[in-house]
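For clarity, chains are labelled A, B, C and D in written order, and residue numbers in each chain start from 1.
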Amino acid sequence: MNSAIRAAVRYGISEGMEVYGIECGYRGLINGYITRMDNRSVSGIIQKGGTILKTDRCPEFKEIEYQQKAVDVLAAYGIEGVIVIGGDGSFRGIQDMKTNFGYPFVGVPGTIDNDLAYTDFTLGFDTAVNTVLWAVNNLRDTMTSHERVCIVEVMGRKCGDIAIYGALAGGAEIMLVPEVQVDIAAISKKIIQNKIKGKKSDIIMLAEGVCDAEVLREELKKRTSISLRTVKLGHIQRGGTPTMADRVLGAKFAARAVDLLKQDKGGRVVGIKNNKIFDMEVGQALNTPRKLNKELYELVNKLSQ
Amino acid sequence: MNSAIRAAVRYGISEGMEVYGIECGYRGLINGYITRMDNRSVSGIIQKGGTILKTDRCPEFKEIEYQQKAVDVLAAYGIEGVIVIGGDGSFRGIQDMKTNFGYPFVGVPGTIDNDLAYTDFTLGFDTAVNTVLWAVNNLRDTMTSHERVCIVEVMGRKCGDIAIYGALAGGAEIMLVPEVQVDIAAISKKIIQNKIKGKKSDIIMLAEGVCDAEVLREELKKRTSISLRTVKLGHIQRGGTPTMADRVLGAKFAARAVDLLKQDKGGRVVGIKNNKIFDMEVGQALNTPRKLNKELYELVNKLSQ
Amino acid sequence: MNSAIRAAVRYGISEGMEVYGIECGYRGLINGYITRMDNRSVSGIIQKGGTILKTDRCPEFKEIEYQQKAVDVLAAYGIEGVIVIGGDGSFRGIQDMKTNFGYPFVGVPGTIDNDLAYTDFTLGFDTAVNTVLWAVNNLRDTMTSHERVCIVEVMGRKCGDIAIYGALAGGAEIMLVPEVQVDIAAISKKIIQNKIKGKKSDIIMLAEGVCDAEVLREELKKRTSISLRTVKLGHIQRGGTPTMADRVLGAKFAARAVDLLKQDKGGRVVGIKNNKIFDMEVGQALNTPRKLNKELYELVNKLSQ
Amino acid sequence: MNSAIRAAVRYGISEGMEVYGIECGYRGLINGYITRMDNRSVSGIIQKGGTILKTDRCPEFKEIEYQQKAVDVLAAYGIEGVIVIGGDGSFRGIQDMKTNFGYPFVGVPGTIDNDLAYTDFTLGFDTAVNTVLWAVNNLRDTMTSHERVCIVEVMGRKCGDIAIYGALAGGAEIMLVPEVQVDIAAISKKIIQNKIKGKKSDIIMLAEGVCDAEVLREELKKRTSISLRTVKLGHIQRGGTPTMADRVLGAKFAARAVDLLKQDKGGRVVGIKNNKIFDMEVGQALNTPRKLNKELYELVNKLSQ
C-alpha cells in the first residue's frame, strides 16, 4: 500500500494539489488524525510492508452521524476529496459519502485475497502469493520423511485465488477453494494414487474459507490412514516487502484515483482489467458477481499429475 | 523457464502426447541430446532458477544443412513438433523450420529483458525486476554517507523495461533507457537539485544499452563534482527462484504452445497481451516494432520528486 | 545437512577413502539403500534445504537383531565406519553399535532446535532462527490494527533456544521457554504496561514445549481482555536455503567426523564449544545436562523495554 | 548496527543512564548532531540494514583541535562516555580521546569485511557473507551456457574472510585472498582440469584486495582461452536485513560496551573470541597482527574437488 500512498502524494502534488494523510482509516478521519504531506513524507517507504498511514476498523462509519462528522472534519481542513485503500467494507463508505453527502471519495482495491470481483487484481495479492510460495519451498525441502502429505492453509474466505495461484505456481498436488464443492472421496483417492505413483510429497493448498486445516486433516487421516502435516500461514501472508507487481500496480491505481478527484468524480473505484487501469461506479463494483477462474483452476489439475 | 517445461510435459501428456526433452537448445537438437520425459521428470523443478534442459548457442543453425540435420534427427525420434523457449535468435529458427521444411515449431518468449515487442511480457522479466529491487533495497540501506548518488546498471540492450519497472518500483530518482535520448545536462541538474532539496539518496537506474555505468559516472562527476557509486547487477539478474507471476505465465504459455502443436500449427509464437494469452505468426512477431511504454516512463518521472 | 554430506564425501575422498551414501537413515541402512558416491554426487547441493540422503524413522533400530542386520549389511559392502547426522535418537544408535558390536559410528549434531546440550550449536539452528526472523518481520509490518499482540509459536520441545535467539534478534517483547516456569500474571501485566507505554506492537515468542499458542491466547485474553493473534511457524522452520553459518558448521563437523573414522575412533560425536570443533564420547554427550543460557535470557528481558 | 544501537540505548537506560544518539559519526559529534534517546527511539529498527544514526567520514578528527571541540561538545551535553561503532579509523579516535584527554570512549567492531584481527568476528560480516551466497545461488542457476566460469569479486581489501567463508559456504571452486600469493598458473590449470572432469560450472571467489575482476579475467582468458564472466558485488554487500547472528552479536557487544562505560573504563574495544565477549585496550587491538584462517582456507581447497 505504501507504493500507492507515495504515488498519490507525489502525483497529486505534481498536479498542483495539496495533499493530506489520514491515519487509521475512517476512525482517524472522524477523529481528525490528519497531517499535511509533502514529497519528503513518502521518501523511503516504497519497499516497506504494511502502511505508513496505519489501519483500523470503524464499524460505526456505517451510521450517518459519523459520516456527517467526517464531512465536518474534511470541511475544516479544506479537503475536497479522499482516496480510500481497502476492500468491501471501506468501499461501502465511499458509496455512502456519495449518496448521503455528494462528497467525492474514490477507492483503490487493497485486499490481499483478491476478493473484489470487479478487478482482475487487488493490491497485495502478488506479494501474498509469493510469500505462500516461499513457505511451500521450505516445506518441500523437508517433506522427505513419513509424513509426506502437507495441508497448507492460506487466506481466502470467499475467494480462492491465493490458493489457485499458489497451487499453480507452487506445484501443489491438490487444491481446495470456497468456490468449488469439496469432494473428499476424490481427494482421498488422489492422495493414495500419488503415493502409489511414487510422488515424493503432496501439498494440499487449502483456502481458509473451505474449512480449518485440522478438520481436513482428521477427515483425510480417517479415510486414508496416512498422517498429514498442517501449516496455517495466517498473518505472515499480510506483511513482507512488496513485490514489483504490487508496487507498480499501487502507483498506477493511485495516479488514476488522483485523476478522478481532479475531475471531481467521486463514488468511483479504480481497478485493472486486461492489464488496463479503469474506473467504475462503486455500487456497480460491489455488485459484480465473483467468478471462479475456471481456466486456471483446471490448468492446476492438469499439471498436478 | 522450468515452470514452462513442467507445464509442457504434463499438459502434453494429459493431451495424449509423448513428450521428449531436447537439451542445450538447437545445438542439442542437431546432436540428438534428446530424452523421453514423463510426469516425474519434471517433479520438484518449479521453484528452480535456470532451466533443467540447459541452454547453448548455435549460430550454425542459420544454415540450411544444420536445419536439415535437425529435421532428420526429429524424424528418427518420431517427434512431430517442437516447442522453443527463447528470444529473437531462437525465433528465427522457428521461422526457418516453417519456411524451409514446413516443420511445426512454436515459440515461447523467454528473455529477461522483455525485449520482444509483440508480447506485453516475456518469461523471466518479473523475476529479474524483483531481483533488481532486492539490490536497490540493499543499496538504500547504506546510502547515508558522502557518496549519496548511485548508478545501478541493469540489463536491457535495446529495451529499457527492466530499468523503467525497476525505477518505478524501486523509487529511483533518475532513469536512462535506450529508447530515449540521454540529456546529460538535465540529469546533472536534477542531481544537484535533489541535493539542495535534501533528498537523502539518489538512485540512477541505467539500462546497459545506454552506456557503461563507469562512462556515466565520469561524465556526471565532471559536471556536478559529486562522487557517485556504481553497481552493475550483471548476471545476478538472470537467476534466482522464479516469482509467482513468471511461474504462472510459464504454465499458461506452455499450455497454449502444446495446443498449437496439437492442431499442427507451426511457425507461431505465443504471447500475452492485455492479460490474455494469444499466438501469432512468428515473422509478424519478429517484425513488431519496439515501443517505449511512455505512460509508465512519465509516471516514473512524476513520482521521483 | 547437505553441506555436511558434501564435505564428508569430498573430504573423505581426499583422504583416500571410498565413500557410500546411506539413504533414509537407519531404516535405509538395514534395507541396504546404499550407493557409491563420488565428488560429482554432491555437486550443486550446498544451497539446498533438507537432505539429499532423505530421513526416516526407525524405532526398531533399538533392538539388537536390527542392529545385527545393519552390521551384516555394512560388512557386505565393506563399509568400515559410518557418520550419522541427527539428534538424541540417532545418537543412541551410535552408542549401541559401539557397545554391542564395537562398530565405529560417529555422530554429527543435526537438530534445528539446538537441543543437544553438549554442543553450543547444532546444524540447522542458525537457519531456523533466521526463518523465524523473516516471519517476525512480516508480522511486524501489519501489526498496526487493533490486534497488536501476536503470539509466535516456534519449535523447541525441551530447549528454548529458538525462542531465546529469535526473541533477542527479533526484538520480541515477551518470551516463554520450557526451561523457565511461566508466570502468567507477570506476562499479563507486561502486555498491559506495554499498551500504556504506547508500544505499537507486542510479539510473544513461545517455544512449543511450554504450551500450545491457542491455550496461551485464551488465558491471556481472559486476563487482559486484549485480543491476540497466533502464528504457529511449524514445519516452515525446517526447510529453506541454509545460512552461511550452518553451511560452514556442516563442513567443519563433517571434516572432523571423517578424521575420527580415519583414526578408527567410533562411538563419538562431534560438536562446537567456544567456537572450536571437538569430539567426545557419545554416552557422555547424551548425559550432558541441558542448561538455560541465562545471560542471553536476561539480556532479552533487559532489551525488551 | 541498529541492533547494537538498540541494545546500547535500552541496556544503558536499564542501568540507570541517560542515553544520547550522535548522528554522522565524529563529524556529527563535532557539530553537535546529538539527540536524547529513550526506549521508543529504537523501536522497530532491529531488522533494518544500515544505521539510524547515519555515518560520515571525518578525517579532521585526527587533529587535536577537532578532538578538543568534541570534548567541549560532550561536556556541554553532560555526556560522560561514548560508544563508537566502526573499524580501524574510528578506533584511532578512541585511542586519541584516551591519550589526549583521558575521555572514555569504547569501541564496537563494525566492519563488514571482518578485518579487525583482535576479534573473531565483526558486526556485519555474517550478513555480508549471506548476501554473497544469495548472489552465488543466482549465478549458479544460469551457469549452464558456454561461459561456465564466473569470477565473483567480493569485499576485502586486506582481509580475505568474506572470500573464504563465501567460498566454503558457496561451494566455490577457486578462491583468491590478499593474504596468499596468487599462483595464476595453478588457477589456470584447475579451470582446465575442472572442465575436463565435467564440472558444470566454476566460481572463482576473488577478494577485491587481490586485483580487479577484469584484470583477472583478461589474464585467465589469455592462458586458458576460456571466456569468463565477472560480477562485482560492490555495495550490495553493505546493506540488507541483518542476520540473526549479527543482531545477537550487536546486542552482546553493546551490552559489554555499556558495562565498560559504567565502570568508567575508556580506551577499550569489545570483541568476541572463542564465542565469548571480551574487551581489550584499543592500542593492543589495533596492533594485533592479521592472520589467515589457514584451516578454513585449506578446507575450502579440499572440498572444491
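Methods note: a contact is a pair of C-beta atoms (placed from the backbone, for glycine too) under 8 Å apart; a residue touches a chain by one contact, two chains touch by 3 or more.
These figures come from a predicted structure and were not determined experimentally.
Novice: Listed by label, which chains are in contact with chain C and with chain D?
Specialist: A chain counts here if it touches both chain C and chain D, and no chain qualifies.
Novice: Report back the single chain whose CA centre is most distant from the CA centre of chain A.
Specialist: Computed centres place D farthest from chain A.
Novice: Same or different: at the chain A/chain B interface, is the fraction of residue numbers used by both copies above or below half?
Specialist: At the contact between chain A and chain B, which are copies of one sequence, the residues are largely the same (over half shared).
Novice: Centroid from C-alpha atoms only, then distance chain A to chain C, rounded to Å. What do you get?
Specialist: 35
Novice: Centroid from C-alpha atoms only, then distance chain A to chain D, rounded to Å. What do you get?
Specialist: 40
Novice: Averaging only over C-alpha atoms, locate the centres of chain A and chain B and give their separation in whole Å.
Specialist: Chain centres of chain A and chain B, defined by C-alpha means, are spaced 28 Å apart.
Novice: Two-or-more-chain contact residues of chain B, please, as numbers and ranges.
Specialist: 137, 140
Novice: So which chains end up touching which?
Specialist: Final set of chain pairs in contact is A-B, A-C, B-D, C-D.
Novice: Mind pulling up the chain C residues that touch chain A in the complex?
Specialist: Residues 48-51, 54-57, 131, 135, 137-142, 144-146, 150, 229-232, 234-240.
Novice: Would you tell me which residues of chain C are touching chain D in their complex?
Specialist: On the chain C side, the touching residues are 3, 6-7, 10-11, 13-14, 39-40, 43-44, 46-47, 120, 126, 129-130, 133, 136-137, 140, 165-166, 168-171, 197-200, 241, 243-245, 247-248, 251-252, 255, 273-276, 296, 299, 302-305.
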